[in-house]
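A single structure is presented below for examination.
Chain lettering (A, B, C and D) follows the sequence in which the chains are written, and residue indices restart at 1 in each chain.
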Amino acid sequence: MIFRTSSISAPKFALVALAALFLSCMSAAATRSDLTLGMVLEPSHLDPTAGAAAAIDEIVYANIFEGLTRIGPNGETEPALAASWEISTDQRSYVFHLHKGVKFHDGTAFDAGDVKFSLDRARAADSTNAQKGLFAAIDQVEVIDPATVKVTLKYPSGDFLYNMGWGDAVIVAPESAAANKEKPVGTGPFKFRNWAKGSQIVLVGNPDYWGEKPALDKATFRFIPDPAAATAALLAGDVQAFPSFPAPEAVPQFQADPRFQVVIGTTEGETILAENNARPPFDNPKVREAIAHAIDRKAVIDGAMFGFGTPIGSFFPPHHPAYVDLTGERKYDPELARKLLAEAGFPKGFRTTLKLPPPTYARRGGEIVAAQLRAVGIEAQIIPVEWAQWLDQVFKGRDYDLTIVSHTEPNDLDIFARDDYYFNYHNPAFKALIAQIAATTDDEKRNALYRRAQQILSDDAPVAFLMQFPKLGIWDAKLQGLWKNYPIQANDLTAAKWAD
Amino acid sequence: MALLEIERLSVSIGATSILRDVDMTLDRGMVHALVGESGSGKTMTALALMQLLPHGAAMNGHIRLAGKDIATASESEMCRLRGAEIGMVFQEPMTALNPVKTIGEQVAEGIRWHTGASRAEAEEQARAMLDRVGLPPARFPLDRYPHQLSGGQRQRVVIAIACALKPRLLIADEPTTALDVILQAQILDLLKSLVAENDMGLLLISHDLAVVADMADRITILRRGEVVESGETVRVLSAPADPYTRRFTQASLHMPDRPAPKAASGTPLLSVGNLTREYPGSRIELFSRAVPTRAVDNVSFEMAEGQSIALVGRSGCGKSTLARMVLALDRPTSGEIRLDGQRIDNLPDDDALRQARQKMQIVFQDPYGSFDPRQKAETLVAEPLHLLDRKPTPVERRERVATVLERVGLSPDDMDKYPHQFSGGQRQRLAIARAIITGPKLVVADEPVSALDVSIRARILDLFADLTGKLGLAWLFITHDLNVARAMAEHVIVMDEGRIVEQGRTDDVLQNPQSEAARALVAASPDLRLILSGKLREQG
Amino acid sequence: MLSYLLKRLAIGLVTLFVASLVVFAVLEVVPGDPARLMLGMGASEDAIAALRDQMGLNQPLALRYLSWAGHMLIGDFGRSYTYGVPVRELIAERIAVSLPLAVMALLLSMAVAIPVGLFSAARRGRASDMAVMGVTQLGVAIPNFWFALLLVYVFAVTLRLVPAGGFPGWSAGPGPAFQALILPALALALPQAAILARVTRSALIETLSEDYIRTARAKGLTRSAVLYRHALRNAMIPVLTILGLQFAFLLAGTIIIENVFYLPGLGRLVFQAITQRDLIVVEGLVMLLVATIILVNLVVDLLYAAVDPRLRSPR
Amino acid sequence: MTIGQALRNPSFAAGLAITLAVAATALLSFAWTPYDASAMDIAAKLQAPSAVHWLGTDHFGRDILSMIMVGSRNSIAVALVAVGIGAGLGIPLGLAAAARGGWLDETLMRLNDLVFAFPALLSAIMITAIFGPGVFNAIVAIGIFNIPVFARVARGAALSLLRREFILAARAAGKSRSRIAVEHVLPNIANLLIVQATIQFSLGILAEAGLSYLGLGSQPPMPSWGRMLFEAQTMIGFAPHMALFPGLAIVVTVLGLNLLGDGLRDVLDPRLQEQR
């Protein structure tokens, strides 16, 4: 704990001294090897193969569990449990060579059988894996020998190695898989110690780790959903890092404070105003275009995110090599929006609803968007919903007009090609394009196709594109090795360490 | 040297003068009565002596206790005097004791406070004191709580508290007003003997001349905060010098001129046969059957038209329950009631009962509680007109109200006043007006004058007599006061523990009671005339 | 007295039973599928169906009620949908925060209110009484969460004396744990203390006008002796009533305050469980709170009897 | 008793003045506010109080004074309707329970117990979980908990009144129970109910603020005091004015109502009235 003694007047000193005495033990150590991280959401359990919550990966990914491959700090696919692999020329069979001498945290050995078990389990009929689509291409998994696995695909997949790096594809042991929700057992550099529900989860260093041991020997993830409390906890030193800080309004305060470093990175979160393309008047392209022109992305970013976030003109992350800046295509132009509305048959605008899930970006952004729509004549009634309702009503039931949400999965451009997706957007040309991308393994060719896809979405305006969600990382100035970006939602602590 | 000398005592609250130049002297072993009607300043005098006047009261003059002026004593000096030198007994035994402390604690508390005695010593003294006031420790252990005692027993506890340290001066403020006559006699006896035993001076505050005549050696009569007359009790009461005193004593002795009762004819107006009312008892244990209590037990009597009957008895003897059943406000467990030959005890709440109600009405004891404070006199008095078969028009209604108001001695202009704008006596007239507006044949009057001052009570009694003559009404007076029975009814029914123990002509029963209950009642009821003549005879 | 208490107990049990029906019925119609929430946006329909089966959500309603209520009778609150642990364990962890908080707040409010009430009643009508009552009037008007914000602003943000929120856990030692509970307890306690002080004062003043107070004064007891020996205990009856009600308010208050200070207590749990559609946790918690309130009322009834002998024995 | 006499009671006078001022502000907001309360000017966000924006601006650059003025409508409307629901249903129930007694009384009182056994806030959270947050549901949630309060007060007061002799006199005059309840009981307990209504009104304001603070009350763009506080919470470190003023608005309003209630209790006390 750090005190700015200069700000404390004399009479309060006794109290402060007392408080300092209580807490002195925490600041005494010379070089620390422990770290407390703040997280907004507490996961409901810790098994990444049985739940979609980003909060699970934010704790266990790369720390407790490892997959065949892993996704690195900049989104690159790297080897993990598989030291190397060979791909057949038809791109349909992969042979993975596994690291030897790897042990699970419960002492059982890791081998090819575990890989087969994990992949088969994930794609089984009764599997509760939230991302079964990742395994859709797999036809067969064979154990060649304890250190070699062969995976045969039904069709070539450019994303296969990348997909195997997701948290949902980590390798678990048959002995412990059933209990992973409560007591996760993986092969990673950290072991699960304990979980105080509603408060924190503690990991400790794994002395038997097969790879290079991390600098930290203890990591505590503390759950602080409230932005104000998050600010306070950082200021008080209760947490030393908040990799994804929830209160953009408080960031300038930390930027001005030399005790902290503020690292603004990127995420895979394309944040959009989704429109129900099947429901009038949003089935009318002119209405959708009008909405696209009615929105001032800068105001949304300034107002809801206090300036953090990158405006996007289509559904693609700006840090991706294939990104095209299309923000100029649908410019903020309320006059044009009104005109388009009139052309669509709504000269006086119309009334509609805007369902907002709980996160601040959605609620605040929604208020601004509603105000902007009101300015062109569209009266959008705000209906706040919980996530459970949002999933039920909006995502599954497609019972909505407008909603704001951030799509955080990496590489998820294909959602606009899905038939049953909640946008109700159907464009055969776009669908064909996505199919083509999936089957293309050459990077340059893929990127070209990606650019075309971006352009289609900008032209069709099935939804209004707002911004790429920023990663607001704030941590102690002496802390090093945390990820700047979120190519995948994870807090990989293998490289984290304290400077002296 | 006199025990207590009060000299030019004046008390005022704000601009209102409560007491003006009150003088009084009380000697050791003497009983001095302070008498007056409500608002005369009796209680204020007592509180001034104790220096327990309400917040904001200012006091002047001298109060000398055994020669020492305590009017200027400091609060801490007064604390030393109160309880030790001056004891006080209050009017309401039901509320004068702390409900959450045992009687032993409450008696011992003053002893410990003043003498610093140990708990055990103080308890020993408290036990002796309680025994002395008639609460033997064998039957009334110290750990009893007030709610486990009856009113009379509680008043004994209050007396024990007041006399625990044998104070030189005892002040008793209407100590028996809340008790029935039998308890009144017992408590007065107790006070008298305590005074004699300890050579105390007793300042007895009362509005009841009969009580005072029996108890007091000297008397001071207060009126509106001033002394009107003072002197030896018998002398003042038998030969009053001041006109107010004269009126006061006369009112106390007042007997209204009652019209001669008519000869009874044919069917009785009211006939009550074998009437019983039981209330479910409280279960002592969880699984035992509750024993019902009988408030009225197999009662039968008849009333002729135009007849006045007094129903007398100690409090709790069942007379009020009986009255409520007669008025069909409560249903009997068994037995029957007939009004004008028609059974009314089992009528459903409909037209038939409405017809019956036209013939009977009620006057209550409390002139304050018997009116809805938010309605005007006209509405209140006219309320029973609701019973008529044909509802009167507003004009007719006003006329009828005006007529009955005049009949009871009020002005038709009073119609637009609210109850709180009337005095107590006027309100009782209003209650009578309400009772007679439908032209009933029977009016039940439940203690109709016991809350009124003596002079007002005399005039209300006159009004009753007047109405009996003019309207041919039959009255059922419910009272514990034999003087009211004597004054108003030719026939008296004595009740005890739910049963009728004796009935007959009033004079016969009261002069020569046969039942034990009636004898006790008569013996305990002070009769001013008899007491004065007795005392005068004693003095020769 | 015994039969009175048994009757109250019986009424309490019936209330609890009806409450269980109400709670179950109400929560059944809450929209939102817990299984879908757990698996998130990318989940396939058959994965969700498989999870619903695992969670027992596909059984008929009546059967689920009976099994839920039956298990609760033997102290089994079921297993949390989202956390997968027994609800009882979750509650046990959270109660270790909420209970100390509520008790601290209750004690704090009593420790402030009763002396203040006594002080004010003893100085009735004087300037000091007026001033104190003015402050309490203000205290009653302050919403506890706003007060909490002010406390955070002053003590945590500006002075940095205590943490602004969060709970280090009892394992961190009593010092830091209490430190984390001080502001929330204050925020809960002071508005309640204001109410309690006013009730104490008016109950005392009411009692001071009783006849037995005059009896006690006539015994020679000083004003303050009368206040402490006679008035206080009698005035406790309305004060107890308010204390009983306040406990319920405190429980409700913890829902807001635990959210303000981010304390992992029952209040947060219930809020969180509702948003996560972890209905079994909500049901268990609501029943627990209802039972607590019924129990507290029963205790208040018992305390009445302890204070007032009239309720202890028949006449 | 005249208004002039009543105004000599300082608590009543102050309470009435504050309450009228708040009500007047709410009415004024229909006609005029310094700015459009929902107009955003994100460039002018988080300004401290100044001559331009008297109470500063919020994170969207909206004028806080205008928002507080418009928000008062919301607070008043919710509390008022909730009290209306509570009184409208609770008083007849309480009177019926007192006048009829027996099983009706027993049943109603047990239902009361049931409602009282649920912490109000918890039930409000459940109600909004089902029907979604919004003004209407906030009103229902607060209103339901007013019913037993009024029922209890009406019943208690009626029971003590029913023991008075003038009730017996009215029965002797042949009036039915329900007629007595309306003619004699209701006017006599009206004072008590009015005082209770002001108390519930102020509690309603607090409850609405609490619900809105938790995001369960009225929804944007309608400003509400509770939600303003919620939004201010994360910015308290650098924009404390956002938390200060809406909170003060709540305190002042509740204080005014409480003072009014206390004053009314004294002013309407029949014991004091009859002495006049």
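Please note the rule applied: contacts are C-beta pairs under 8 Å (C-beta built on N, C-alpha and C of every residue); 3 or more make two chains touch, one makes a residue touch a chain.
Because the structure is a prediction, the values reported are computed rather than measured.
Q: So which one's got more C-beta contacts, C-D or A-D?
A: C-D
Q: What's the distance between the Cα centroids of subunit C and subunit D, rounded to whole Å?
A: 22
Q: How many Å are there between the centre of subunit A and the centre of subunit B, using C-alpha atoms for each centre?
A: Distance between chain centres, rounded to whole Å: 87 Å.
Q: Report, in whole Å, the distance between the mean C-alpha point of subunit A and the mean C-alpha point of subunit D.
A: 45
Q: Which whole number of Å gives the spacing of the CA centres of subunit A and subunit C?
A: 38
Q: What positions in subunit C touch 2 or more of the other chains?
A: 31, 152, 157, 259-260, 274
Q: Indicate the residues of subunit A shared as contacts by at least two other chains.
A: Counting only residues that touch two or more other chains, subunit A contributes 226, 228, 231, 386, 389.
Q: Going by the touch rule set out above, which residues of subunit B reach two or more other chains?
A: Where subunit B is concerned, no single residue meets two or more other chains.
Q: Once the touch criterion is applied, which pairs of chains come out as touching?
A: So, checking each combination of chains, I get A-C, A-D, B-C, B-D, C-D as the touching pairs.
Q: Which subunit D residues qualify as touching subunit B in the complex?
A: So the residues of subunit D in touch with subunit B come to 164-166, 168-176, 184, 187-188, 270, 273-274.
Q: So in the complex, which bits of subunit A are touching subunit C?
A: 3-4, 7-8, 12, 15-16, 19, 22-23, 44-45, 51-53, 125-133, 181-182, 196-200, 222, 224-226, 228-229, 231-233, 235-236, 238, 358, 386-389, 391-393, 395-396, 407, 409
Q: So in the complex, which bits of subunit B are touching subunit C?
A: Against subunit C, subunit B makes touches at 50, 52, 55, 75-76, 79-84, 86-88, 90, 92, 95-102, 106, 109-110, 113-114, 145, 147-148, 158, 161-162, 282-286.
Q: So in the complex, the part of subunit A that touches subunit D is made up of which residues?
A: Its residues touching subunit D are 226-228, 231, 247, 249-250, 252-253, 299, 302-303, 306, 364, 366-368, 370-371, 374, 382-386, 389.
Q: Could you please specify the touching residues of subunit B with respect to subunit D in the complex?
A: Residues of subunit B touching subunit D: 324, 327, 329, 349, 353-354, 357, 360-362, 364-366, 369-375, 380, 383-384, 386-387, 420, 431, 434.
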